[in-house]
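One chain, subunit A, links the two complexes that follow: it is found with subunit B in the first and with subunit C in the second.
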Partner chain A sequence: METKVNLIPIHVMGKQYMVPDTLTVMKAMEYAGYQLTRGCGCRGGICGACGIAFRLPDSYKIEVGLACQAMAQPGMYLAVLPFFPNKRGIHDLNKVKAAVDTFKALYPEVFKCVSCNTCTKSCPMSIEVMDYINAVIRGDIVQAAELSFDCVMCGLCTSRCPAEISHANVAILARRLYGSQITPRAEHLAKQVEQVKAGKFNEGLDQLKKADVNKLKELYKAREAEPDNTPDEWAPKSNDYL
Partner chain B sequence: MPYTPELKQLIKKVEATRPERVRRKKEGKEMPAMSLEERQAVLDAFHPDCKKTSKRSIGVGVNKGYAISPEIVDQLESKSRVNPDQVDLNPRFTTDVLVVGGGGAGVAAAIMAKEHGAKVLILTKLRVGDANTMMAEGGIQSSSKLHKDSPYYHYLDVLGGGHFKNVPELAEALVGDAPETLAWLESLGCMFTKDPDGRLLTIHGGGTCRKRMHYAADITGAEIMRTLRDEALNFPEDIKVIDFTSAVELVLNDQGQCAGVVAYNHETEEYFTIKAKAVIMATGGSGRLHIQNFMTTNHYGATGDGLVMGYRAGVELNFLHTVQFHPTGVSYPDQIEGLLLTEKFRGMGANILNIDAEQFVFEREPRDVEAAAFIRECEERKKGIATPSGKVGVWLDSPMIDDLKGKGTVEKEFVGKWKLYMRHDIDISKEPMLTYPTLHYQNGGLKINARSETSLPGLYAAGEVAGGIHGENRLMGNSLLDVCVFGRRAGRSAAEFVKSGAKDGKLGLEHVKKYHQELEAAGIGGGRVSPMLLPDYGNPDVRKNQITTCYLGTIR
Partner chain C sequence: MNKISYYPGCTLSNTAKNFDLSARESMKALGWELDELPRWNCCGTVYSLASDNLINHVAPIRLLVHTQELGRDKLTTLCSMCYHTLKMSNLMVQKDRDKLEKINFFTKDKDAEYKGRVEVLHLLEILKNDIGFANIKEKISRPLKGLKLASYYGCLLTRPKAAAIDDVEMPTIMGDLINSLGAQAVYDPCLTECCGSYHTVMDQEVVADKAERIISSAIKNGAEAIVTSCPLCFFNLDERQKNILEKTGKAYDLPILYFTQLLALGLGLGPEVCKFDLHHIDPRPLLKAKSII
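This part shows the complex of A and B:
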């Protein structure tokens, strides 16, 4: 099913190359002969290393995207933004509170947001960026954390923001405050940590470490399997080694 | 790219058999799993590890005679990228602990080393976080539900997965540290998926007897990685970062200790020395070596560099004779080829189908068996689906998850992948996905002990670059755990070594010279150099015209 290659012109930082129209910008650049040493990480749209800015021929619009995700389009003019200077409000998470004042101190520029929504429009992950910035301004850290959860921290929003906000760093602060201070800690996990520290499982583990392969296989086969569709309360028949 | 008209035509067949398959599944009528004999047969004939050509003996060094993937052997049987006599060994940077690799293991190690009083430098090839850790989706294992699970059962699962070959002390460290490590991540603010009362949600993974897979939606690795990175970057006085710079050799001193690295600045193309009292190797895996030409789930920098550097310095390798392939990698659209489609799709009921929309394998066989069955269906039975670029795949019928569990389930449970495919105009809650096995995980690596020490004093290893914890086969969710557990252990051990064990001495690369002599004596290696650092995806047609004979002026 080999289909014939349709070549289109693209302009990589001003220079034209003919590339197949089935490629992402990243692969199109490689096709053109680039060997990437920057602006490339996961190649799968999750690490945020490969920001680009581009313009299409008959448009005035500056668009942004991820090179590993955006398709090469006829006549596009593109520049690679593998690094964008972001501001970081240095802090020790243990010493800051989950409150709007923390953001006022570390990221005062957030409060100068002009609500232009350019950040949201430029997000390759379709995150409601402006909405989470507004949530921070209202002091609603929970909403800021939840709305920004898919952020890959590519910084493209920052590159377009008239208020010069470093959105991704603001968002991760909100998420870390949410995760560490707002949601209740898992009590069962804390108990398990205590039990391990108290040495409760040492004897069982010692036995396993010393067991020969046949014994291990026997124990392995005899494990009681938790069924797939039972509620969390399911308990095994044997309490041994728990 | 959306599906082509040809592929859309084939999808009609899938839609035609779906109602019947959904009905059977609802009634609990599953396609039968293979017997142990059938499994062995398909593995022997079709699993990439079992092919006769899949192994070659290493010709030099401490593991001489050990047969592993030829692609890795090629890296080992190569000369250094530099002539060791030319390297300027006057250090440009000096630190207590040098961490090589800014993935999960490296950054966890850096944070711990700092907490134990060391000044840390992270050297990383791309940016901190451009790493396999960022890409993990499914989850992280730990026993945490007291009424039904404990490190004891976790240990049994780890060993069963690893064919009972795991190093016991390492497996014990893994399961024993697990709860504390998970609680640490929670305290750093990782948003694990929880009940409103804080109770962590857990699911099964392949080979678990208790539901102990904790997760953060379907981007668990990204959540862990960006949190660790944020923590490390908040202590710029104690943890410095040099990115877009690779380590290419370890440096030893005349006290017989590891005392730094030779680094390579990708932009200025110069090599320079970093001196350290202890070095932590955390360079991750090697998917980008494309073993047997398989596509890979791994990030761009996963080229096995740490194996090469460690091996030249005399550190033993173990468990590299098995490689983990994941059955469901993306084979269409090309833009995302090789990317992982988590096991959870099949866990939630999606069938596997051939070109005629027939089920040919139960969707929840162990990873290796499932992968081998896909290869058999495509290679031997010729019932795979061809893609426009000449690849092949089988269907993973995701839309049936919505039929089974209710409309909107796919979009909610697999939001990352749903969005990714939507960018290519494919709605995976309505159209199935084309998949094929993909190179996923390096099961083995540098030999370590439970303190994350290698046999070379001052050198530690943690994460995918290390071997032994998972034996011959790692289970889902135990790698993110291993990265954090042994990253933390390595950080602690290295910081202690800085205080008590490290001796100053004259820096040298004698081990590299000696290795070169061995290669020459054995007459192997040809003109190869390693580590690879980055794979070459440049266009060969362009390459053949890059014929500058030597540097002149600023243009190469």
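This part shows the complex of A and C:
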């Protein structure tokens, strides 16, 4: 059976190619003959390596997105932005405080934000970027860390920011401070590490190492795993290895 | 419980938590909830006077859009700088529809268009007009007897006239509140002088001079503390007493207070809502001497 392919024109860095209209920008570029060694990573919209900027016909807007997620559209003009220069505030995590003053010292440009919201509009992960930048400005590191959690560091917000903020690195600092100084320490982890060191699991591991394939399969099938939708009160039947 | 949309601003969420907490708790005691906007950004800090610099008005207008989206027509704030920026930007777009249209055209991708109908109010205006100082007086369980206080308005609460919460030259709104709390408002001619504002970053000496003039004038007129509504005025008058001491050897040790801290104490709330540990000059010895705490 013959399949009809609808070809559309796209312009990659100024040169026109006819590509099928069912492809993402990344696949369209490969269809056109590009071999991607940079600006291409997970192909699943989560690594942030394949930023692009583009315009569509009959629109004044500068659009940005990820090449592996954005669809090729008729008449689009695009450029790839595999990397966007970000400023990095070098710091020793043990010496900086989880306070707004740390951001003032390392990323003073954050306070130039005029709340234009262009960063939020450009985010392929639909993060409320402007809101987390404003959380930083008012010293709310918890909110900044939580709002920015999905950041893939593609740098598209930075490419569009009139205040020249390096959002992704500001967000990383917020999450480092959150993780190291604000969230409670996992006391049970230290206890578990002690138990590992004391050899609590040696015997069990030895048994597994000695077991043959059939025994391993049997143990694997009989294992007790946390169910997919874990109820709040779930606990394993055996506490032997906790 | 009455509810009003509330914009705390960055400083009240950070270094001026004593202002924010004492206001929220006092208002609760008066039957009002300061309902913080669920999403908010920096107000812009300074009202831009450049006629062609509309981008600096996007931040305050965005906050008015958030208020409008909640179906509210009033937004209150405490910080003099936030109040001034919000009030002035609001007045600007209410007067100049072209500018409003331009800002809306810029922001409308994600946010609703601002219709220009939200009213920006300083909390002092709500205390005076919606609650009434006479009603507050009735609810005072711990009158601040024997406390002599100078009101300090600074630049932004009464200037320019369009944004003034009271008379431009001779405001009395804070003094009237002080009197209704059982304290005694003393007149101080420096009440609308500038504290030196952001010069505090670049030139602490200039601000120390300004602060000394304001503080010594208040003391000369019998004040035992100065009352303010601005975290920057507060900082310049409180913290810069360090510089005055270094420079002149004079230790004025004059406590600076937010009007909401006095309101909280008058309403019988505990000193913990006033967070006096955030003050450079500790007001507690004075308040203890007057048997207020």
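Everything below uses one rule, namely that the second predicted complex is superposed on the first by the 193 of 242 C-alpha atoms of A that agree within 3 Å, B and C clash if a C-alpha of one lies under 4 Å from a C-alpha of the other, contacts with A are read in each partner's own complex, and residues count from 1 in each chain.
In this section, a residue touches a chain if its C-beta (ideal position, glycine included) is under 8 Å from a C-beta of that chain, and two chains touch if they have at least 3 such contacts.
Because the structure is a prediction, the values reported are computed rather than measured.
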First (subunit B), second (subunit C), both or neither touched by A:140: second
Broader residue contact with subunit A after superposition on the shared chain, subunit B or subunit C: B
Partner chain(s) touched by A:105 [first = subunit B, second = subunit C, both, neither]: neither
Contacts of A:7 with subunit B and subunit C, given as first, second, both or neither: neither
Touching partner for A:18 - first (subunit B), second (subunit C), both, neither: neither
Which superposed partner A:42 touches (first subunit B, second subunit C, both, neither): first
Subunit B versus subunit C as contact partner of A:241, first or second or both or neither: first
Which of subunit B and subunit C A:209 touches, first, second, both or neither: first
Of subunit B, residues touching subunit A in the complex: 1, 6, 126-127, 129-131, 134-135, 142-153, 155-157, 159-160, 164, 168-169, 172, 175-176, 179-180, 182-183, 186-192, 194, 196-202, 204, 209-211, 217, 219, 222, 226-227, 230-231, 233-236, 244, 266-267, 299-301, 334-336, 339, 347, 386-390, 415-416, 419-420, 423, 534, 536-539, 542-543
Footprint of subunit A on subunit C - complex, ascending: 9-10, 13-14, 39-42, 44, 55-56, 58-59, 62, 106-107, 109-111
Contact footprint of subunit C on subunit A as seen in their complex: 100, 113-117, 120-121, 128, 130-131, 134, 137-140, 162
Subunit B contact footprint on subunit A (complex, rising order): 1-3, 22-24, 27, 30-38, 40-47, 49, 68-69, 71, 88, 90-93, 125-126, 145, 149-150, 152-153, 169, 172-173, 175-181, 183-193, 195-197, 201, 204-205, 208-209, 213, 216-217, 219-220, 223-226, 228, 232-236, 241-242
